[in-house]
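If you scroll down you'll find the structure; I have some questions about it.
Labels run A, B and C following the written order; every chain starts at residue 1.
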Amino acid sequence: MSEISWGLWKLLLDGVWITVQLTVFSAALAAAVAFVIGLARTHRLWVVRFLSGAYFEIFRGTSALILMFWIFFVLPIGFGWQLVPMWAAVLALGLSYGAYGSEVVRGAVQAVAPAQREAGIALSFTPAQQLRKIILPQAWPEMVPPFNNLLIELLKGSALVSIMGVGDIAFGASLVRNATGQSAPVYTVILVMYFVLAFVLTRGMRLVERHAKASVGRAPQKREGLRTRMNGGRGDELASSGATTAGGAR
Amino acid sequence: MTWDWNAVGDFMPMFWHGLLVTLEALALGALLAFTLGLVWAVLQRSEHAVVRWPVTAVTEFVRNTPLLVQLFFLFYVLPEWGLTLSALSTGVIGLGLHYSTYTAEVYRAGIDGVPAGQWEAATALSLPRPRTWFAVILPQAIRRVAPALGNYVVAMLKDTPMIFVIGVLEMLGEARQYSAQTFHTVEPITIVGIAFILISYPASLLLRVLERRLVR
Amino acid sequence: MSADSNLSKESAAVTAANPAVDGSELIRFDKVTKRFGSNTVLDSLDFTVSSGKHVTLIGPSGSGKTTILRLLMTLTRPDEGTIKVDGDYLTHEERGGGLVPAGEKHVREVRKKIGMVFQQFNLFPNMKVMRNITEAPVHVLGLSADEAEARARELLELVGLTEHADKYPTQLSGGQQQRVAIARALAMRPQVLLLDEVTSALDPELVAGVLDVLRDIAHTTDITMLCVTHEMNFARDISDDVLMFDAGRVIESGSPEKIFSEPDHERTRQFLSAVL
């Protein structure tokens, strides 16, 4: 690996920074989309449910890469909307992973015992209050492990932007490979970089999960090994609603 | 907004060819993912830590890193190791390997879901280990997880466009090629996007039905 | 169940692999200790079962009865002590004059002499009744499919389920499933049959059918039985010996007449008055 000069290493590290930014911004957009669409899918008006359901099916049904192509190439030509590549990428990732996230939100909200909502009604809470005071606080801890999975998927999906010429890690890798003619070391290094990022994200989400569980008075789970943490919740999804959530984890 | 129906008609022959390649990659990739995933899952139940540990490490690594980069790795590195494969074969290996780490988790959950009494009954009958796996445990585990496996096929379908980066002319590859030749971009990309929704939506519906029927 | 009409067949089906029924020692527990965490379930336990005997283990729950069966089936391993089955060590091997933990092959050989019926039946739900019974004879004992099927049909007749051979376990009642499980265990022609609270998971009205089958087997064959049960009448009916367990030890043993009518031990009296 000695052939990789400092300048090339810097290229890769710049890529890491772009990937981190992409992941954070896309995750923020995806979270907003997930909550809006997810809650809309539990709305009492069928029109709202139908429209949000259509959003979910369309954005989950298509491929993130195709959506990215569409936003990069079709929007400017077809509609005259030209976005900065970085924001086009965030839009594509946020919209499609938000669709997956909406399934997590919907599932967790609907899993809250109906008696809880009834208790809220008995106390004359408005629907908004029921949601804010009763439903979401109980649903939130259930959302964190699947959100963790989605976040890792989003991180991996962010590599797609390199195809569009955004200078993330994967893009840096192709530059370094072209410069040095070395494939195995370069790609091994950046795979490890992605793995480290995924590990850090997972650790962070574990903290969030612990905090979320503590906030509803549940004891934090005992320490688990890396592997269970990395796949937290997938087993449960399988048991409950595999068809939608297991697919949603992608 | 410019939409040229002539371009649509022009693109369709290439589209059908691309669809065929997409489905081919998907079928072979899924086959590989199902098989390899099963191998990982069984090895992870091994009594020997020297077997369990490396398998766990490798599958965790592959699952937590991007498929796109793995495809580049296979595409550039395999030939360096003297293994020259067609672009499609490389793509299939990439898809299959990546998704095998997901199917392994699915199988694992399914295997864990088989009641301990089944293992004990097999022991009480002195069934040999392979027989216990193939006649008792796996048939029950796989039935339980079939819908979840199906979901990963749909997920894999949506990842197949990635293999165009290593030169496979699946749907997206054909669309890119067509737009490079004719400067029509809106039509081919839109058609491919719609095609994905038209394939994956009914597939998800089908899986939900399957799930209801198989998993009590 | 018309038991008497089946007598000759039952014997043929069950006893063929039971050559040595001479009252010799078949099972020996030698200072066996089993702990789960800090909880000592079996405490330096010694006991023997002679060939052909029907022995029932009674005692309060948690007293280690089921653990004995699970040790014999090698579903769990002892922490200390040795177990011998038909003269061979079960979980140990003699090598170089000493005892070493046994390899899988040795354990499997010794274990073939033992069959077990579980509380929860543990039938294989992915196989029809017939295949549940033939699977092990074919793939463990190496019987041909025809032989195994003939044996299975005899046993299904014995347990009164001939017409259910082509059903899946979930299509049967609990009592029927348990009778299939008995047939499945017997199809291996074990020398010892372990019965682990085989009626506990059944609805009350289904218990009698299962007990009838077991009673037939006990009275008409010379298979050795080791039985954990809460059905005291059944225990009295089939047992040659009753062992009373408490806190991981045998506190009293004897004929059912003695144990059930004039036990020596106060603890036994208390237990029996609670369950009878």
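In this text, a residue touches a chain if its C-beta (ideal position, glycine included) is under 8 Å from a C-beta of that chain, and two chains touch if they have at least 3 such contacts.
As the structure is a computational prediction, the values presented were derived from the model and not from experiment.
S.K.: Graph of touching chains, which shape: line, ring, star, complete, other?
M.R.: line
S.K.: Closest chain to the protein CA centroid?
M.R.: Measuring from the global C-alpha mean, the nearest chain centre belongs to B.
S.K.: For subunit B and subunit C, what's the span in angstrom between their mean Cα positions?
M.R.: 47
S.K.: With chain centres taken as the means of their Cα atoms, state the distance from subunit A to subunit B in Å.
M.R.: The computed centroid separation for subunit A versus subunit B comes out at 20 Å.
S.K.: Counting in whole Å, what is the centre-to-centre distance of subunit A and subunit C, each centre being its mean C-alpha position?
M.R.: Inter-chain centre distance comes to 54 Å.
S.K.: Going by the contact rule at the top, pick out the subunit C residues touching subunit B in the complex.
M.R.: Going through subunit C, the ones touching subunit B are 73-75, 108, 111-112, 114-116, 118, 120, 122-127, 135-136, 139-140, 184-185, 188.
S.K.: Per the contact definition, I'd like the list of subunit A residues that touch subunit B in the complex.
M.R.: Contacts found on subunit A: 57-58, 60-67, 69-70, 73-74, 77-79, 152, 155-160, 162-163, 170, 173-174, 177, 183-184, 187-188, 190-191, 194-195, 198-199, 226-227, 230-231, 234-235, 238-239, 242-244, 246-247, 250.
S.K.: Per the contact definition, I'd like the list of subunit B residues that touch subunit A in the complex.
M.R.: Its residues touching subunit A are 1-3, 56, 60-61, 63-70, 72-73, 76-77, 80, 105-106, 109-110, 112-113, 145, 147-148, 151-152, 154-155, 157-162, 165, 172, 175, 179, 185-186, 189-190, 192-193, 196-197, 200-201, 204, 207-208, 210-211, 215.
S.K.: Tell me, which parts of subunit B touch subunit C in their complex?
M.R.: Interface residues on the subunit B side: 115, 117-118, 120-121, 123-128, 131, 135-136, 139-140, 143.
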